[in-house]
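Look at the two complexes coming up: subunit A is in both, with subunit B in one and subunit C in the other.
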Partner chain A sequence: MAYVALSEAEKTYILHGVEDDFRCDGRSRRDYRPMELETGLVSNASGSARLRLANTDILVGVKTEIDVPNPLTPEFGKLEFFVDCSANATPEFEGRGGSDLAQELVLSLQNAYESPLAFDYRTLCLIPGQQCWKLYIDILILECGGNLHDAVSLAAKAALFNTKLPRVTATLLDAGITDLIISDNPYDCTRIGIETVPLLVTVCKIGDYCLVDPSAEEEVCSTVSVVVSVSMRNGEPFLSGTHLTGGGAMHRDTMRNCLQLGLSIGEHLDKLLTKMLKLEQERVGPKRPKTVGFLK
Partner chain B sequence: MLRVTQTKNSLLDGASIAEELYTTPKDGEDFFESLDKPEKEPTKLAPRNTFIRPGVLTTVRGSAYMEYGNTKVLAIVAPPKELIRASARRMNMGVLNCYVNFAAFATGDLESVAERERHLGSMLTKAMEPVVCRTEFLNFQLDIRVLILDDDGCLLSTAINCCGVALVECGISTYDLITASTACIFRDHVFLNPSAKVEELLWKHRGNSNTNATSSTSSVQEHGLIITASMDTFEQIAQCQQCGYLSPATYVKLLDYTLTINKSLRQLIRGVLTKRVKEQHELDLREKAESALEDQRLEDIIEKLKKQGLDEFIQSNIKEDPYVKRI
Partner chain C sequence: MASNFELLSEQGLRLDGRRPHELRHIKCKLGVFEQPDGSAYMEQGNTKVLAAVYGPHQAKGKKTESNDVIINCQYSQATFSTAERKNRPRGDRKSLEFKMYLQQALSAAIKSELYPRSQIDIYVEVLQADGANYAVALNAATLALIDAGICLNEFIVACTASLSKSNIPLTDISHFEEVSGGPKLTVAALPTAEKIAFLEMSERFHIDHLETVIETAMAGCREIRDILEAAVKEHLLHMGSAADWARVC
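Right, the complex of A and B next:
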């Protein structure tokens, strides 16, 4: 993560705040920072979302392409993640500086989306065994203010919700070759179900306590954090890819507590995100607010 | 293994598939049928047959070779070397780098090897970071290299075990011994220390694993794999990688299985390391005895010469210089 220089005194201050359940910005250990989410602001992408979580700024674009499915999974489409750490975020990302972080994010996202129960790859199927959609999820990190895993996964989920796949009709030609006709009407499209799409929740351990949504300063103080990937299915949370990060170790019981915390927060976050996305979607016509993007 | 690259479909382009274990979804079913499936709840929590040998190479300070069933891994640790470019982030900690390499004959598909190597390397680094006392070598970097000779599942956990031994052999200070193991669940069967075929089944057959689940919508067919690395003196978990789709209860269950296996592995590794230290001690003693013997022999010669008269001996040993003599 982006490096923030902190003195011992500042670290102690943060640590004591966490112990008293009253963090530097007034939150408790289970609170998130304010979020701003806007979808559909990139006109060249099939779906897009911009998420601002306090200082963390993420832009996600989803592009679509027609590809051939894997022979082992003939009725599955494909997903590909790409993370770009912009040098605007921190000077450290200049050149190849951000590639390690980018790779880590891509790996955790891929891992979380890997299971067909977490993401329904069948919706991306056009003709089983012959044609399928391939989604390129391009994630741009514009500003780093801590808690990148969570922000990226939230933005990715929102962008997937916003993605509109044009309706495709197939005609069978001679010799079993199929011809695809893609609809010209931009409103004639299909959507992707996002009920089970996972969210990543970083549970950070500072001192003896676990907290969610660490700011960049708090990340420096933490010894270890667990990235919990929460996927909701039939109203129950499931784990779809979890790992430890940060170069520390933790006890088994602490780990269980972290998982519990991550799961409950993930469940709540998922509910809220879906609600807000639906709300935004319903605001059509004159009620639709102007796209603001970064112009504020 | 946690393999994330999707193999490119070359079948429909007219090219042949190179050495794929399963080519159609049916093959996987057949394999699963032929597999002798463990019971629903494993009763015997033990590692595979293991062979560990520290100090196999003489050219590097720390090396270890490990066989875990058919998985064969060699780890090399060189003493820390100074960082060329120190950045602010690295001020208060030493840097740990792990590199994983496959031997050319270790794996069938050569296409995704480079990517797998990178992923394994980064995961291994994450697992090894907590165990090394990185505060002891500020501004230095420690390189750990792993060579995979044969891959039969449990690759990452075997590599972690092997690196742990190599670190001790090299004399790098560590907080504890690190041990790791793998467990996975597929169609309600728990596989401990899954073989390469089971791992591949889990990875490639994610498509078919939930056909039953869709027909009976109420229950979700869990599938997934857990790799846990632990340090047991204070029961710390150094790394816990999970992939697949698991309910929290199953996750904890698999975690406990791997932790139990780790405990018995730890006994083994401890035994190996103690034996190694004793062996080294014996070697040192023997060397000392030999050098004492040598000293004694030289002393005897000197003594003898002294008795004969040293001057005489020196005179007899001086070869006359033919050129000097001519003048």
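Right, the complex of A and C next:
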């Protein structure tokens, strides 16, 4: 993790701010920092999204490939996460420096997406037991400003929303061999349902209080955080995975409060993201503004 | 000719509709990120590159023994940047090669005598690759160095050139033209001094044509230099207008 040097006085200041429910940037404990989201900026990928959460900058590209399903789950497609911590974020990530952090992020995403109720792997199936889609979700961390888990999961969900799978028709050849015909028309494509796709919410414990969306400075002050993955089903938030990060430990009751806070925040976040993505989807043709990317 | 595919149509247009000497559309921006000391984003056609500069700072580890400036580069390419997914963002032979070439070209531009015993880190990240990756990466690195306030002898810019079957030189090669099998020449130059800091060529053509192809690439460099210079001035105007000193020059 990008290291931020803080003196004792600065840490106390942050701690007191959290106690008074008035953090350094004026937020309350339940507030997020401003976010910017843009989809479809990488033309070489099937789907892409860039999310900027204050100083945290994430670019996600989704690549598709046709693969053979796992024999144990013949009706399921495949998802693979890959996180790359770019040295642009901090010189510590040079070479293999970011691989530990990347591994942690990949694991928490894998856990969150593992349940078939959280991500419908059946939509990625082409011919049960023979062919399925494999989605590579490649996440690039360009700047670290704290709260990577949340930012990464939001960007991944937006990129999945933006992903276009070309329509595939199967023809039966001799001897029971099936052949896949992939549509040449780039507009003849299907989308992936993202209603249940989970979001990660990091609940960070500073002093005796829990808060969401910690900045890099607040992360230094925290002893322990809970990463809660929230999957929405029929308008209800469900927990699809959770784990503790950081060196400290927390009481069972605090843990329960953290999970509750995570779930309610996750529900709200999911609603907002879905609303924004719907707006983005409606802006087509002349209404669609040019992609801004990094030129803003 | 080694090329088995005609790069120029009968009307004298290239595959993407450009004329032989035309560059792709260039967009760039300085100061994209806040954490690095300098950063820049550059778009040349569909090739998109981000560059970040950290330093000059104290050199790390054993490197402190040398009195010179240490220029540390890293070239990486996002796994989704190419049409076929890449397995590794860096560490493959191509990235290591580009890293060395970046170091070589930038050492020629940085005023090293001003930074003894220091280290400058330059990190380049290719977000989308569509030909001339090295050239665009170097141009982005130049902008990032300028944004970081590091003294350069001059803008160092790179441009690629090729030769069509009918021996007409082409500027700024796209990915499609690269893989069609024509020759490819990359030049990194200090355009005002007319010095060449780096030159690489693949495939082959007759030595008689070398001069014209290099001249085409140099002309491309000069054009890119003008675009970069305009971007730097624009950036300064934007940055300085709050302090009211930008209008002075």
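One rule holds in what follows: the second predicted complex is superposed on the first by the 296 of 296 C-alpha atoms of A that agree within 3 Å, B and C clash if a C-alpha of one lies under 4 Å from a C-alpha of the other, contacts with A are read in each partner's own complex, and residues count from 1 in each chain.
Operating definition for what follows: a residue touches a chain if its C-beta (ideal position, glycine included) is under 8 Å from a C-beta of that chain, and two chains touch if they have at least 3 such contacts.
The structure displayed is predicted, hence computed values, not measured ones.
Contacts of A:Phe76 after superposition on the shared chain: subunit B is touched, whereas subunit C is not. Within the superposed three-chain model, A:Thr90 lies in touch with subunit C and out of touch with subunit B [touch as defined at top]. In the superposition on chain A, A:Lys63 makes contact with subunit C only, while subunit B stays out of contact range. In the superposed pair of complexes, A:Gly146 makes contact with neither subunit B nor subunit C. When the shared chain is aligned, subunit B comes close enough to touch A:Arg233, but subunit C does not.
Contacts of A:Gly266 after superposition on the shared chain: neither subunit B nor subunit C is touched.
Put subunit B and subunit C next to each other and count what each touches on subunit A; the higher total goes to B.
In the three-chain superposition model, subunit A touches subunit B and subunit C at no common residue.
Put simply, subunit B touches subunit A in their complex at residues 2, 4, 6-7, 9, 11-13, 17, 22-25, 28, 87-89, 93, 118-119, 122, 126, 129-131, 134, 204-207, 209-210, 213, 218, 220-224, 231, 234-248, 251-252, 255, 259.
Touching subunit B in their complex are the following residues of subunit A: 3, 5, 68-76, 78, 92, 100, 103-104, 107, 110-111, 114-118, 121, 130, 224, 231, 233-234, 236-245, 247-252, 255-256, 259-260, 263. Interface of subunit C with subunit A (complex): residues 27, 29, 32-36, 39, 41, 43, 46, 48, 50-52, 54, 72, 74, 76, 78-83, 85, 89-91, 121, 123, 125, 127-130.
Residues 2, 42-45, 48, 55, 57, 59, 61-63, 65, 82, 84, 86-91, 94-95, 136, 138, 140, 142-145, 293-295 of subunit A are the ones that touch subunit C when the two sit in their complex.
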